[in-house]
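One chain, subunit A, links the two complexes that follow: it is found with subunit B in the first and with subunit C in the second.
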Partner chain A sequence: MNRTLEKKIEPYIWLLPSLILMAVFVVFPILIVFKLSFSEVSKSGLVGGFIGFKNFADAISLPAFKTVMLNTLYWVVSVVGLSTILGFVIAMVLNQKFRGRKIARAIVVFPWATSLVIQASVWNYIIKYEYGNLNNILLNLGIIKQAVNWRMSYQLEFIWECGVGIFVTIPFVTFCVLSGLQAIDNSLYEAAEIDGASFWNRLWHITIPLVKPSLTVSTVLNIIYVFNSFPIIYTMTKGAPSNKTDTLVTYLYMLNFYDRQKGPATALSVIGFLVLCLCAGIYMLGVMRKEDNG
Partner chain B sequence: MKKILALLLTLAMVFALCACGQTAAPAASEAPAEESAEAPAGDEITLDVIICQYGPNTQEWFLGSGMDGTNFVDKFEAANPGVKLNLEVVSWNDVYTVVDTRIASGQAPDILNIDVFANYANEGLLEPVSQYCPEELYNDFFPSFIEQSVIDGTVWAVPDLASARALYYNVDMFEEVGIEPPATWAELEDAAQAIVDFYDGEVYPWGIDMTTDEGQAAFAYYTWGNGGGFVDAEGNWALNSAENVEAIEYAIGLVNKGYTNPNPATQTRYDLQDMFAAGKLAMCIAPNSMPTYCADKGSTVNMATTAIPANEGKTSSSVGVMDRIMAFKDEAAPDQAARDEAIGKFLTFFYDPENYVGWVSMEGFLPAVNSAVEALVAADPSFEAWLDVLSSCQFYPTAKGEWDAVKQGTIAAEQAALTGASVQEQLDALQAQIAG
Partner chain C sequence: MKTPDAVRKQNRAALALMLAALLLVGVFMSLPAYRFSAGVYTLKSANTFVGDEKYQQALEEVNAVAEEYREKGFDVSLEESVTERTNSKGEKTSLVAFTLNNSFTKNGWSFLGAGLNSSWVLLAMLLCLLLALACALAGSVSTVSEPYKALDGRAAAFRSAACWLLLAALLLLPVFFMMNTYTLSRRVLLYTGGVLTGGKEAFFAQLDAFLFGGIAGEEINGALKGLRFSAGAAMWLCLPCIFAMLLAAIQLRHGSVAHSLLRGMLYAFVIVLCLFILYPYYVMLVTAFRSSAETNDMYFLHVFPTEWKFSNLRDIISRGVPRYLLNSFLIAGGATLIALLCGIPAAYAMARMKFKGKKLFLGFVIMSQMFSPVVLLIGISQLMSALHLNDSILGLMLINAAFNQAFAIWLLRGTFVSISPEMEQAARIDGCTTMGSLLHILLPMAAPGIVTTLIFVFINSWNEYTISTVLISTAANRPITVGITQFSSFNMIEWQYLFAASLLATVPVVILFMCIEKHLTSGLTSGGVKG
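Let's turn to the complex of A and B:
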């Protein structure tokens, strides 16, 4: 066979098994969801005929739609943003040489290695008003005189959920950044130090530009992952009270299986998918343009 | 080129992660051609059965060794040669997901045990009970239970068991504080205030569950206790009646006055029962299985029951909760008559007092057939009182197709009211949405 042709085809042959898997388990179900979103779906899940954009119109006119979209925005921005900043700081610390560094690194992995449902349930117990660990510890230490209701309002509950989201997302960011930090040649810092660069100078001009590729990867993955995250909110509040702590994914689940509004639920999942594609796409394009220029 | 490739990879990534996240959309094929109940060898029929998990013993009883060393499936198959059971026990949390997905993919079960039935019946998925239920068995069901599964004169499901609710109170606490169990709303507030004063806020007087788990029960407790309810005397939706608005405002008032558990939107009935068992809650509306529940938790709380308090001059009514067994159509079955007969055999065997009494008492429920009453009362005399309660209780209007939306709507209205929204506006909006 023609040598160059063989070379051209070879990569595709290697890719073929994963492409087939993706087609069957990822692309095909997504296409079905797209089709469902334009079809009439009965309360029991029977699929009827094509009804155009009716499901989308119904979804957008749901009373909770605006709250849920805003919540999703707060959820993604706060969890991804804060976990990236905190993860970055922790990675900087873990990159220093100190006794017990290996143990510290192992501990950081724990929140990530535990299932989200377990994490959320454990946090539920920690902040429980009646017999929660947090209140017990604070009471025993004499810091508070009376048990505090940590879930007094839905705003507070949502903040707790974001907090748990951040807690479980930090390890991933930390390890992405840590791998980037370890790839930085130490001589760069030495040279900068000789030139009299301060800590902040080194951070801005050496560390951040060089770990940027790792940060990009972790941020894009986190946006997708956090946007689609279901267990924390479902375990902690199920979106209560009246969808005020729901994000898009938990809401569409409730809409589908509790409210049995299957058509609008499918439309919402398509909307979520498109929003994600858009976010990830814009972010990637922006980053790549900068990388090309730089 | 590099750019395009990277973009493609990103898209692939989004695709992949989305697929992990989106469990909601049922992958469906259009024609619901159920393919169970085929006759693979000779005249043998296999029935797909889905049973809900009522407690830790359900699985053992149906599939393990919880039925005197054997189980329901083995015993049934031994007694009914030619009928095989492909029986699955599914948790209540998952059962709607499982059933909807199976219907959507054309694999509806032959026999389903669940609470709701109206949507399945309205969409033509169910077989009428008269097609498969032997007459002798049919006449054994409590008529008031059968009535709950009728749409347009046709019975679509049979009751499998029931439970009724009553007010449980902590006897020792009431003696310590020196109060009597409340019968009216005004007495309830007085009792609650006395408990708050006596225990300095350490004990919650009253439990309220307005969660998505069972917030509709709270709606029933208060509205029925005020002469209102989900429907009017003609059976039409009357969600925003003056009685209902007053009742829900009263319930929200209890929360705002600090007489209840602090987070009714997220604390489920099980949380309340746990608090009651732990001596942290003085009163709690719960099903008749409450003593068993508390004993299993190692609680020694001294409890007694009384009627759920009602508004002054209104009658108290208990809330009955009933689950059902129904049979799905299967047009692909080669011999419809044989299939119906097999389903009938399943029901006859299930409701045979020899099996049914064990099933009902195992998880502490109330029976749905007359033939089981005698044996149950003989085994536990306290059943008698509950059977009286059961005969006077009201049920949710589950035979109406809008019930799912009403159920979620009442919960949403309660939760919105908890955050300060107007009860009147919430119920007006719900009524408008449901009744058009």
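Let's turn to the complex of A and C:
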């Protein structure tokens, strides 16, 4: 065989296993979902002919559609926003030098390493009204006099779900920011201190610009992870009452596997997929530009 | 630099402040601010209107009881409440309730000899305060005008000790109040409902001696029913005083308080944060070893189980948990193996070779990182049934490997790029094949990065839940994340089993994650982005 030809195709052979794996298990499902969303799908899952955008129209006219979309927006914005802010603050603190810093860092990583179902189950138990651990502890400490119903309304339950979402998302942000902070040259701060810059000045003009790349990575990845987050809501409320605490992914799961409305469910899948594509596209543009520069 | 005169003045002011604050604490301790109240007797009289015959009868009855109590030495007061409403026939009815209240106040000093658990805390706090003042004085007697940075060892040690003692006092004060609320409101409430035996009796005798001077005797149970304790004001008066003493002591030690305050806030923040993060894990741990009755008991008082039920572990073992753990291990292990076998060559090509479409492939990798399988659930379940891989462990391995592929390539490429290619080139000149140089030279050098990737993919696959719930229908094929949901059915959740199984599923991965914590961050952001 020709040596140059061999040299030319060699890289592709190295890529091949990875490509096949991803093509079959990532790209193929995408295609299937797209195809289904434009086909008639019976309750039992039998695929019929092409019906244009009827599934999308059905999905949009579902009574819960608006609530679910708004919930998804609240969910993503509140969880990503608050966990980014809190994670940033925690990273700033953990970047200081103090005794026990290593232990503190190891502890902060805990929620990241724990399965979301387990986290959600534990918090589910903690905020139970009748025998939840939070009431128990607060009563014992004498901070409250009577058990508080922490999940009185669905709004409150949704807020708790967002809280758990923030709790499990913080470590990722913290560690992304930390890695950015550690890369900052200390002499910058020393120079700024000599110039008499205040804490806020230093934060605004040195820390934030230099941490921005890692913050962007973590924010974009978080938007995607949080958007896709399923176990927390599924474990804590299952979207009850009447889809008032559902987000897109839990709703489409229920729609497809419980209510057997497979047509609209696939349409919702495609909508979610397109939203993710948009985020991914923006992110990729950013990364590619950096690749060009570096 | 401050002059010795200024330093002396400053130190004297600090010492004076400490003394004044200590005296104030003493004054606040003497205030009768600790209020106890208990309803000793209640009489409800239905269909009774204020002033009518039935009312008079009931009032006499209650007064007679009150007289009995007064003779015994109780200071009881009568309270009446009237509820009026219209019944279904349109008639007006009324219910009069008479309550005999026994309420009294005590001052802080009376706790000292009471022998209650909280008494010892209060005693410790007061000792801390006194010792702190003594230390501060001892540390400044002969060195009152020395500059702060040049204090001799003994004086510095004394002044530091004062700071730490005051910090301890500051923390002990809320503990004292919380213990009182705990014992006097919660524990009494429970004990009066139950049967008095052994330790409880001793506890009640102590309370009787403290609250009533021993006069309640046999009737202590009734006299304590619904005992309430409140002393918030006393705490909020004492706390600022002790805090002022602490600030003065810090001033005495360092000459300024700002730095120490900031450090203190930093430590406080970190400690609160760590406690908060560990809280759900604590709940998981203790609930896992409680009995079923204790997990559902609202008035469960203890921080730890009264009896560690290790039999919970035995119970979940007989309900399939080892099988689920094994499945999880197989799925995560298989996924990791596949992801690395496919990922290492790809990452190697990306890091070391030049070819057309490299950027396209990188874009594809980044894009596929974006798609969590959840949105594609429907497509995946269709694909898997077409491949006859639904409800199989192999199917989950492949899916997990595929969706972690992007991350694996991402991290591995970063590691490979950071290793200089010179060694491999040298080996190639010596006649080594590409494969050989990868296996024998690059991989050993990249071991830390590979281990990080391996653990990361393993944990991701181990924790995966959504796809497994959809794909797996046979109980024997469930991974642990799906397996634990069998303990929570619609009408009943067996919390102790749920958390015992969760614990087994969590501990190994948390430990693994702590191992790679340091490497992970650098890989996450610099691995792909900086390249």
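The rule we apply is simple: the second predicted complex is superposed on the first by the 261 of 294 C-alpha atoms of A that agree within 3 Å, B and C clash if a C-alpha of one lies under 4 Å from a C-alpha of the other, contacts with A are read in each partner's own complex, and residues count from 1 in each chain.
Definition applied: a residue touches a chain if its C-beta (ideal position, glycine included) is under 8 Å from a C-beta of that chain, and two chains touch if they have at least 3 such contacts.
Keep in mind that what you see is a predicted model, and the values were worked out from it rather than measured.
Asker: Determine, for the superposed model, which of the two partners subunit B and subunit C contacts more residues of subunit A.
Answerer: C
Asker: In the superposed arrangement, does A:265 touch subunit B (first), subunit C (second), both or neither?
Answerer: Both partners.
Asker: Classify the contacts of A:157 with the two partner chains as first (subunit B alone), second (subunit C alone), both, or neither.
Answerer: first
Asker: Of the two partner chains, subunit B (first) and subunit C (second), which one does A:256 touch, if any: first, second, both, or neither?
Answerer: both
Asker: Go through the superposed model and pick first if A:213 touches only subunit B, second if only subunit C, both, or neither.
Answerer: Touch partner of A:213: subunit C, not subunit B.
Asker: Would you sort A:244 into first (subunit B), second (subunit C), both or neither based on which partner it touches?
Answerer: first
Asker: Looking at A:204, would you say it contacts subunit B, subunit C, both, or neither? Reply first, second, both or neither.
Answerer: Touch status of A:204: no partner.
Asker: Tell me the contact category for A:90 with respect to subunit B and subunit C: first, second, both or neither.
Answerer: second
Asker: For A:121, using the defined touch cut-off, is the partner it touches subunit B, subunit C, both, or neither? Pick first, second, both or neither.
Answerer: After superposition on chain A, A:121 lies in contact with subunit C alone.
Asker: Go through the superposed model and pick first if A:53 touches only subunit B, second if only subunit C, both, or neither.
Answerer: A:53 sits against neither subunit B nor subunit C.
Asker: Based on the A-chain superposition described above, do subunit B and subunit C contact any of the same residues on subunit A, and if so which?
Answerer: Dual-contact residues (subunit A): 22, 25-27, 29-30, 32-33, 36, 45, 130-131, 221, 224-225, 228-230, 249, 252-253, 256-257, 262, 265-266, 269, 272-273, 276-277, 280, 284, 288.
Asker: Once bound in the complex, which stretches of subunit A touch subunit B?
Answerer: 22, 25-27, 29-30, 32-33, 36, 41-47, 63, 129-131, 149, 151-154, 157, 220-221, 224-225, 227-230, 236-244, 249, 252-260, 262, 265-266, 269, 272-273, 276-277, 280-281, 284-285, 288, 292
Asker: Under the definition above, what is the set of subunit A residues touching subunit C in their complex?
Answerer: 8, 10-12, 14-15, 17-22, 24-33, 36, 45, 90, 93-94, 96, 98, 100, 103-119, 121-123, 125-126, 130-131, 133, 135-136, 139-142, 145, 147, 167, 175-176, 178-180, 183, 213-214, 217-218, 221, 224-225, 228-231, 234, 249, 252-253, 256-257, 262, 265-266, 269, 272-273, 276-277, 279-280, 283-284, 287-288, 290-291, 294
Asker: Going by the contact rule at the top, pick out the subunit B residues touching subunit A in the complex.
Answerer: Contacts found on subunit B: 3, 6-7, 10-30, 32, 96-97, 100-101, 103-104, 119-120, 123, 125, 210-212, 262-263, 265-266, 275, 278, 280, 401, 404-405, 408, 411-413, 415-416, 418-419, 429.
Asker: Taking the touch rule as given, give the residues of subunit C at its contact with subunit A in the complex, in rising order.
Answerer: 177-178, 180-182, 185-186, 263, 266-267, 269-270, 273-274, 277-281, 283-284, 287, 295-298, 300-301, 303, 338, 341-343, 345-346, 348-349, 353-355, 358-359, 361-364, 366-380, 382-383, 398-399, 401-403, 405-406, 409, 434, 459, 462-463, 465-466, 470, 481, 484-485, 488, 495, 498-499, 502, 505-506, 509-510, 512-514, 517, 520-522, 524-526, 528-531
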